[in-house]
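Below you'll find a set of structures to go through.
Same chain, two partners: subunit A is paired with subunit B first, then with subunit C.
So, the complex of A and B:
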């Protein structure tokens, strides 16, 4: 078998995933911490103040990466949900459901930080502008997925139903976005463009990209950590969990506490 | 035993659902009363000035109709689940999505169509300018089937739950945001004397897509919920 495919199949098995994710976690957390610290230092102290918005523009170093992660989290959740529904892979169900609260949290931070930035810039905490409204709808979609997952007793059935809802949301999300754009707009236009020339100066850009790296790595670390915990619950009747719980694994004594 | 044709099965579902609704025709009035009461609350809250009511009329009617439709969604599969006929539909050799499309059509016919018929009365209560009324009726005619179709997917997902009311609201309403924006937007544009064809066409396009995809999605969701 193709080694990549073999690796993929192996990772689909909960015990292997649990072990490998446990090995990765400290590194991911460390990278997120370092990149986050560097990005925040660069954004809050090194980058020059904006000629128009002054110091307030520094909010983008939290706001924009979180907004990206809110959307990325949804796509990650829906992609895993699709895999879970089509190929019935238990790990994908777990990953999709582990991503939901993390993505919702990023979306919430986006809304709150945008609101804090809006007060001095626009003179109001909230305005019914296109992007704010789509972000709010995104948060509602996340909350719907989380609510559905928590409302159904059987965990696996709940994960499949919630994954299906996430997929419905994916179809709906572009329509929501464009309908809302058509409806009203006040938010400033997109300024960062990875593929072409960004309309933001380099001294302001690198902390933003560093923060984006940090939030991505943190997202994965958080999802892996949540998925590990959820797998333990899901597989609580299996041997590997019993071995782990009773500390009868002499080769990995730390895993029992991890 | 040889299974009947697909069209016979669809006709049977249509007839059965119509008969069931007819025997409980008192219940069918509830969404109407709900919409009228919700609309009647707005003048109490905002004051009876004609200018204010005229401004909010179309949007308020739209929201009232959406909420009334949302409340009636719970009935879509409830009794069929309780008496076991929903499982029979799932087990039948005919395409589940078609049978569900029939059920959704009857649901729209018995809950949403009366709401559209009562909309002129609601418009009267809120002083909607008469020239806007045809636009309101047209948008409602396009928006209420969307509500039934999108709602059916979410109902199918929550079917196993005893108390799904609040959760259903959380699932359905975000998905209906575009419907509300386009529907009320068309009415507001007509009221302001602007062109209103674009939002109507958008609603029509969205409806065409939903008519095809929503029954399939509802069938898939039902299969997940009933396993």
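So, the complex of A and C:
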């Protein structure tokens, strides 16, 4: 077996994943915090006020990275859901279901921060515009996946059913992304372009990209933390979990008091 | 300083957006920790219950 396949095979085993993810977690949280602090410093202190929107534009440093993570999280969830459905890998089911609440949190922040910006800039908290509506549908898709997963008793069957729903919902992703192109919307078109020239000045752009890095790293940290907690429940009968449980809470009550 | 917090008159909107960002992500970061500890506690309690009768019998 080639080394990469071997690594995937090893990481796919729950005890190894639990241990390695536990080692990575503090570093990921720390990196997310440092990058987030740098990005917010740049966004709040370094970047100049926008010539049209004034200081109100500074909300993009939470709004835009969270919007990207809402889409990224959905792709991550659907990709893992696809692997779970085709190859029935337990870890993929877990990662797909662990990504749903994190993606939902980012989508929720996107909607609320957008609304808080829309009020002073557009004069309304909400409008049934293509971009806003498709983003709301994205949140409902996340909530549907979470709800379906929690509604079915058998955890592994629940994960597969929810993964199927996640795959159907993929159709909404291009709608969210291209809504500002396909329809004449109130929402402004994209200004940051990975492939070409961005329509934003450098001192405004680098804090945004640093925040994007911070939210990506945070996303993976949160997904790993959730996956660890979920694996303990899934594997509660296995020896490695027993050893951990007995180590965390002494199995002899008298030993705990003495 | 007041100028910074005022955000050119948009302070309430801008800082509310940042507050939502931090509060939601803080809750998101804490939940898995609680869930993991609770799961470990439940499993430990179950193991204690399962091992208790056999220990008294022996």
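To be clear about the criterion, the second predicted complex is superposed on the first by the 233 of 258 C-alpha atoms of A that agree within 3 Å, B and C clash if a C-alpha of one lies under 4 Å from a C-alpha of the other, contacts with A are read in each partner's own complex, and residues count from 1 in each chain.
The definition used in the following text is that contacts are C-beta pairs under 8 Å (C-beta built on N, C-alpha and C of every residue); 3 or more make two chains touch, one makes a residue touch a chain.
If you're wondering where the values come from, they're calculated on a predicted model, not measured in any experiment.
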Partner chain(s) touched by A:29 [first = subunit B, second = subunit C, both, neither]: second
Touched partner set for A:113, first subunit B, second subunit C, both or neither: second
Touching partner for A:86 - first (subunit B), second (subunit C), both, neither: neither
Which partner reaches more residues of subunit A (counting touched residues only), subunit B or subunit C: C
Touched partner set for A:1, first subunit B, second subunit C, both or neither: neither
Partner chain(s) touched by A:245 [first = subunit B, second = subunit C, both, neither]: second
First, second, both or neither for A:54, with subunit B first and subunit C second: second
Those residues of subunit A which subunit B touches in one complex and subunit C touches in the other: none
Contact set on subunit A toward subunit B in their complex: 85, 133, 137, 140-141, 143-144, 147-148, 151-152, 157, 160-161, 164-165, 168-169, 171-172, 175-176, 179-180, 182-183
Of subunit B, residues touching subunit A in the complex: 153-154, 157-158, 160-161, 164, 167, 170-171, 173-175, 177-178, 181-182, 185, 202, 206, 213, 217, 220-221, 224-225, 227
Contacting residues of subunit C [partner subunit A, same complex]: 4, 7-10, 13-14, 16-18, 20-21, 24-25, 27-29, 31-33, 35-37, 39-48, 51
Subunit C-facing residues of subunit A, complex: 29, 44, 49, 54-56, 58-59, 62-63, 66, 101-102, 105, 108-109, 112-113, 116-117, 119-120, 218, 221-222, 225-226, 228-229, 232-233, 236, 241-242, 244-246, 248-249, 251, 253
